[in-house]
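Chain naming follows the written order as A, B, C and D, and within any one chain the residues start at number 1.
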């Protein structure tokens, strides 16, 4: 029987991608899509690609229709999830949060980077971290709670942390990474990553034909990556913006331990074993590097590996769709796991080829 | 039971989009994808978006695997279909041809515009024209032949003729168009329309940040549009190239008959009635105009309508994905109709929203 | 001796392009660049391409520095020029207005299309129309007034009217155009044409990978084109937006008179003669069509010509930079003419080639 | 008196940008532009942006016109310069080589990375390295030789080495960089960097909406950067391709020495002092990061600086136009220096602002 589903903040870029994915999902029944700003506007008017495919209309965040939902996605800015999630969980809903509010396990770190108090430390401690390939046991735990009739919360990983951690985790967890080396991450995102708000940054004429770094040494995804990989104080993360809609490429430079191998093929083998039960991750053959265009519209992550032997550095490159595996896709994948559905249910396996 | 399916010329842009669509189709079983140039190369190596989704490898056009196919798509250059289709039809296959070889009913017109003899006039006379919204009876006829066990051939409409004819046909067939007026069509296509061959035209650095008209007063889709709409000698068609991958917009200027109405809303109503049994066509409300991005990756066609009263001109604008409704999608839709499957089977209804 | 120059509304896209052009101009001395919104901000902070090239800082529109300027460009929204121009002209300044406020010679037409009263009919009657290739005598007239010490006003033509009129005027004025034919214009602009204001229209993620028509049968440049070409009620003008920064292509379909020739080469010859004293206009050889990328950053206009003989239609295609010949370049060209400087002074002749 | 100038390989992207720059240069007289492939084709036919600006026609590499040139630019693939430069220098010409043939001072390193013998070790030892900001004395030396009537050779730095070295050199030479730290460079280039040859890599439909890393741990600019900065074996360099025409951004991660300061403002001050006599380099204020769009069409380099204190890493980001300061602009700048002209002669200081 279909799971009654709502999406809060459905008019933003991650939200509307979730609308698309949930509408296609055979086991979910989307009944509520909220946007305080666009309440009353049909989805197909704001996003004409939905014309003929749905009659759903945006409603306000406090519309009673949301109360009927067993599964609720929160695609809202940080602090908004902090205020919404507790009541939803309390009434027994399964809440999948795409915001940053419950990602950082240490509330003090959250407060330092987001400049706002974290008011829900108890719920924070119960939330699962939504990055199934690296924290599957955590999701299994909340699946069991859900089966027991409890409300549950999943805090999905951010876009840069997802791509970066998928690229680095096998080497870090496998002990090939130098235990005190500094990991340098340079990542590039398409402009959907900057959100729907019209601004100088997202203006076509400033984004087009331009590449730039931003939030250098100060991006909020830094502590999240450090937490996932255990790299506190040893991470240099620089995000960049490039003129494309979707796509995120993270180039991760991992200093190798003195006894680590220097043959890229060894790492390909290791990574493939590491991800053998992760259907969305593809480790490319040595010598191949991923393209963001190969994963657009999907929940896939493609990883390429190379070694610079003289500098003893593993270069691991991961491509995802920032709105797919980096946001809406990951949220749906987490929902599948927590609801006991097959992990790939509702997903397209193939990107539009050109 | 699944229909055994082959795609000839599967490595080109229309071909590979067909591969994607057929792999997702619940009633088709793709067993042969051919490319003489790439024979031996896995599909996922040439198009890495297929990684993990298929093990298919390109084979040559004359590989015996093609012989087992009941349904064969020809995504080959013109003249190649002319030489391949007869044997396939003769052995009883259902052939869906994406090339121009069997579109023009008058072989002399073909010979004039394509500078090559048409050697298959008998087969030409039996071929159905593949534009279901406007020639459904023709497809129903070959469906019956197929049911009777015969080989059949469908000549799918080209990309510009599809968008242009969907925009113009209701007014032309409905008598609102002036009977001797000249219809002016200015259309814009994304660069996938120029094909996979690397050339100065398709070089990123020449296509990017540029718009230009090409083949002015000489494009081969001119006689095809004239044939569909009955506009011989009364069509001015100018195609343009713009810097996007997929998407085709045709702006069609239709002089109105002396007694035709001048209210856009009347045309919206008329067009909606005209297309009420055509699930892929959406006629927008008066005042709305279609965006190509709203149909990318789908088989949908969006139509917007306006009237210039003083010049007595109906402006009908149609947006399609040139590789979707303009090529691979249309071919699959025709295959659905000819094979007796629901017209929408295997299609996504919703474009990626941003 | 350098002419003291000011630019009002210098922070918008046309305004900042003027800043660039005036700073390079050997005979102009730029002393005032105004923007009420950005007053106090250095030009090089808002537009970092100016770093190291100028210390100018935006000032308010009413800053006294403007009073010292002999030459004042108005790059402000319509109605703002209406209120600013009179005092400037009255104090003897040479005013080059890029807005629409003084373009339409019939104040009633202005009031109908812009929904606001035209309060300056006397000044309107004295203003020259700023499209030197077609109205050079008008500019010569105000040059004489300026020489006589009077304040003068030039109302520069808009972007679409400029490209469209340059493409059509030789055939219309030469009598080859059918005297009562309807001229169909489909034009495409880059996103700078939509202005600097961040909005859904100018958001990268909505403009990228998209082509659409807008303001169909209702764009305000319609009466301006009709006025320039004498086409009242016989013009169908449809603008489109494409994903590029700069560039405007106008495809103009001109029905030919019964006795007009049908050979494109004849029109090439005629157009070249027509423009032989216009250094910025290049008429391409028959068979060649202009690219917008060939004129970006310049004041050039490239024109290509073809004939559809059966439909008796001349297709004239003109490419300009919408911020160059379509706005700032044209304004500077007009200033050169009115100030008695060589027409090409201060201009680059060559676009960046790729 | 103007210097008679020739460009060998003038039809490629660096070559044609040089044609543009040299045509605008007040002290150079361009008489020979060669392209074996396009000999006989007017420049303005291949690159229509030159229409009306030059009558030059491509000639073959061995055309006698080249013999008359005092100043010769070689914009040819590697190995071609190796065979052409000696005779030109021998006859007394000033040769500015944009290829890689004379950049690596150790012929063995060249032979290892380029897989071809270096046949001109004597000339190699006399060549100056063309990166004026870092090797001005070397260019002054060949200027003196030229004054003495000798033929001279300048080997211009490559695009990635230029941006990377400008970003790193002040910290490396100033001693703030850790003496044995590994420098990680992630750089992004526009597609003009991949050259004019039409290929899968440069096809619009594969480059558009895509970011990818390439030549990971194997790019030929690696030894060049190592040589410039003295980083043998301590450099990890990963180039990326993004969907824009021009622009190159290099993000350089420099581990800091134990006693180095951790305040970005200190580095801004240091860098500004370092570059105070370098008119093309702009060091941005702390907190600002460069945009590639700010330098397109110019010879400028913009540098932004930040420090990650916990990881003790200086992040230096440099933006250039890969065809400007990364190729043609740098070559012209070197020519100015070697010929005794002002360094900025012939250059535009301001990029097109949007």
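In this section, contacts are C-beta pairs under 8 Å (C-beta built on N, C-alpha and C of every residue); 3 or more make two chains touch, one makes a residue touch a chain.
Which protein is which chain? UniProt says A, B, C, D = N-acetyl-gamma-glutamyl-phosphate reductase.
Quantities reported herein were computed from a predicted structural model and do not represent experimental measurements.
A.B. asks: Going by the stated contact rule, which chains contact chain A and chain B alike?
C.D. replies: C, D
A.B. asks: Among all other chains, pick the one whose mean CA position is farthest from the mean CA position of chain A.
C.D. replies: Of all chains, C has its centre farthest from that of chain A.
A.B. asks: What is the distance in Å between the mean C-alpha positions of chain A and chain D?
C.D. replies: A distance of 39 Å separates the two centres.
A.B. asks: Round to the nearest whole Å and give the separation of the Cα centres of chain C and chain D.
C.D. replies: 37
A.B. asks: Counting only Cα atoms for the centres, state how far chain A is from chain C in Å.
C.D. replies: 46
A.B. asks: Give the residues of chain C that touch two or more other chains, as numbers and ranges in rising order.
C.D. replies: 13, 192, 196, 205, 208-209, 243-246, 290-291, 293, 296, 354
A.B. asks: Quick one: in the complex, what on chain C touches chain D?
C.D. replies: 13, 16-17, 19-20, 23-24, 47-54, 192, 196, 209, 245-246, 279, 282, 284, 288, 290-291, 293-298, 300, 302, 323, 348-354
A.B. asks: Which stretch or stretches of chain C touch chain A in the complex?
C.D. replies: 13, 191-192, 196, 198-200, 202-205, 207-209, 243-245
A.B. asks: Under the definition above, what is the set of chain C residues touching chain B in their complex?
C.D. replies: Of all residues in chain C, those touching chain B are 182, 184, 186, 188, 190, 205-206, 208-214, 216-218, 233-236, 238, 240, 242-247, 249, 251, 253, 255, 289-293, 296, 304, 306-308, 310-313, 315, 317, 319, 354.
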